[in-house]
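Letters A, B, C and D mark the chains as written, and numbering starts fresh at 1 in each.
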Amino acid sequence: MGSGAFILVLAVALAESIAPAERKCQLNGLWRNDQGSLMEISALRDNGDFEGQYLTRVTLSGGCAQISPLKGAQQQLGEEGWSTFAFTVRWDKFSNATTAFVGQCFVDAGGKETLTTMWLLREAVGSLEEDWKATRVGRNVFTRKRTTKGKILPSLSPPCEDVSSSAQ
Amino acid sequence: MGSGAFILVLAVALAESIAPAERKCQLNGLWRNDQGSLMEISALRDNGDFEGQYLTRVTLSGGCAQISPLKGAQQQLGEEGWSTFAFTVRWDKFSNATTAFVGQCFVDAGGKETLTTMWLLREAVGSLEEDWKATRVGRNVFTRKRTTKGKILPSLSPPCEDVSSSAQ
Amino acid sequence: MGSGAFILVLAVALAESIAPAERKCQLNGLWRNDQGSLMEISALRDNGDFEGQYLTRVTLSGGCAQISPLKGAQQQLGEEGWSTFAFTVRWDKFSNATTAFVGQCFVDAGGKETLTTMWLLREAVGSLEEDWKATRVGRNVFTRKRTTKGKILPSLSPPCEDVSSSAQ
Amino acid sequence: MGSGAFILVLAVALAESIAPAERKCQLNGLWRNDQGSLMEISALRDNGDFEGQYLTRVTLSGGCAQISPLKGAQQQLGEEGWSTFAFTVRWDKFSNATTAFVGQCFVDAGGKETLTTMWLLREAVGSLEEDWKATRVGRNVFTRKRTTKGKILPSLSPPCEDVSSSAQ
């Protein structure tokens, strides 16, 4: 092991011993799920409210997804530092559907953060008689995506066709 | 067709031409679901965002529920006026769980408004190994509860024991 | 306690001692849900296994439904007589989807039987990448439909087009 | 690449070209999910019905699980060979709950088989008023576990305490 690597390990060890509070799960930052969808959660307010952006890789319609706003809330941290959260995503330009997620943040012994979530995806249907088929359910697991600082989700957005032309 | 029937048809036609907006579903106001839970949704912003209050009649813990804040978003109305929505409720004082709802607003021929929703209720669990059992799913149907104007949910709140004493 | 109240208590006690079995929920028989779908459950075996037939009023494809076989199992009755159950329906001629229900049987004080169920409806998708959108979730409540004896579901079946011609 | 490796590649290529039918998903056999639970599905009947055994690694009660019978049905294979299925598991000795799974079988280009499933777990509750909280939802992914021939699930069963003593 070179001395550079050793110093890095030492620094990490020190950081962990100095700041055990970092073992608590922090929702803010950039996350990627098992389907390649990305979300970025902004800093949380004192009451647990947060906002952010979601960029899905998959759509019901097969159309190109735009970055969509998300809004949610985290429960107060329990003694063990685990916390549940819920948020909604508004896909207003490319979909008639709405999604809500619930989940919990976990940190393993090695410091790896995981958000396990389940979601409901609600499509618009034409009448109350069709309501029975409107709701899909699924599960996604997110892990933290390390990045340079700053709001970077827009820069990761795939090249959609021009929005103005999609109105045709 | 008798003249009575003709007048009725005319009246309905007039009503529709005069007040077509009433057929659109308005989320704001007070709603009551099939379990007796109440929610009050405030006026929506232009982008569909809304806030409100939720008073559940049922809790996992069996404890007394406090009025809890809700936040969500409605999709843009489609041509037919149906709209889907999603919101989250933060039960921060009496529960370690979080709930998210998705649903759609329907208006029948008689003007009766119905919100059909499905929800996920996420409990905190102690480890990733227990994650499998953390999420419940259910369905609720809300109908509008007519009331006098104003924010009245607090006045409908059942008498909980004093909050300060519940901290014991 | 007045003599009227005493007589009432006595009557209830007698009713319970004479016909306690009626308070237990019996799955067998004909049931109708809130969408008008019908199911008929045959007599249960000792281990709780049962079979039956399901006639849905609604289909994803909009096509005409055939009577479909169902198979399931009831848990052993608990002390209170409530029992949970689960069953699957195989829609093999008119759908590429599969449905599974879970539920519980309740009897109210007046003897009215209710089956509350939730279900998952799984559609076939073309690849693992599309798996996320394949599962719908919903809820149905069934009440007993009184009929004359015998397997009568086939006689209630709506007039589908001739099955032989639908094979084209 | 050594000649040994080359011959192996050739053999695999030949096997695939000779037996393309193996690319179809076969439900029968032993499967293991992401939680370590095991299931063994017996040969399917012509109509798609199947039976098997399930050994869960996780229980709501935390108690020791027994091998439990499962029963289900596979839809007829579509043109692409993908098939959906559903089955129920009867946990009759150690739980008052019932589970139903729905899923689909996928085979990737390398021949790896995956069963993606979602499930509902229904607990018994004491009254209709508590019905709202009785149903949990989740997702499991199974992969084939290669074994020697024969019904081997019982031999993989973990050492439970003696059943007779668990009544204490």
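Quick note on the criterion: contacts are C-beta pairs under 8 Å (C-beta built on N, C-alpha and C of every residue); 3 or more make two chains touch, one makes a residue touch a chain.
Worth saying up front: this structure is predicted, and the values here are computed from it rather than measured.
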{"item": "Contact-richer chain pair (by C-beta pairs counted) among B-C and C-D", "value": "C-D"}
{"item": "From chain B, the most remote chain by mean C-alpha position", "value": "D"}
{"item": "Centre distance in Å when chain A and chain C are each reduced to the mean of their C-alpha atoms", "value": "39"}
{"item": "For chain A paired with chain D, centre-to-centre distance based on mean C-alpha positions, whole Å", "value": "30"}
{"item": "Geometric centre distance via CA averages, chain C-chain B, whole Å", "value": "29"}
{"item": "Mean-CA-position distance for chain D and chain C (Å)", "value": "25"}
{"item": "Shared-contact residues (touching 2 or more other chains) in chain B", "value": "118, 120-121, 135, 137-138"}
{"item": "Pairwise touch network: line, ring, star, complete, or other", "value": "complete"}
{"item": "Of chain B, residues touching chain D in the complex", "value": "35, 58, 60, 120-121, 129-130, 132-133, 135-138, 140"}
{"item": "Residues of chain A that touch chain B when the two form their complex", "value": "47-49, 69, 71-76, 78, 80, 82-92, 95-104, 106, 108, 114, 116, 118-128, 131, 134-135, 137"}
{"item": "Sites on chain C touched by chain B in the complex", "value": "118, 137-139"}
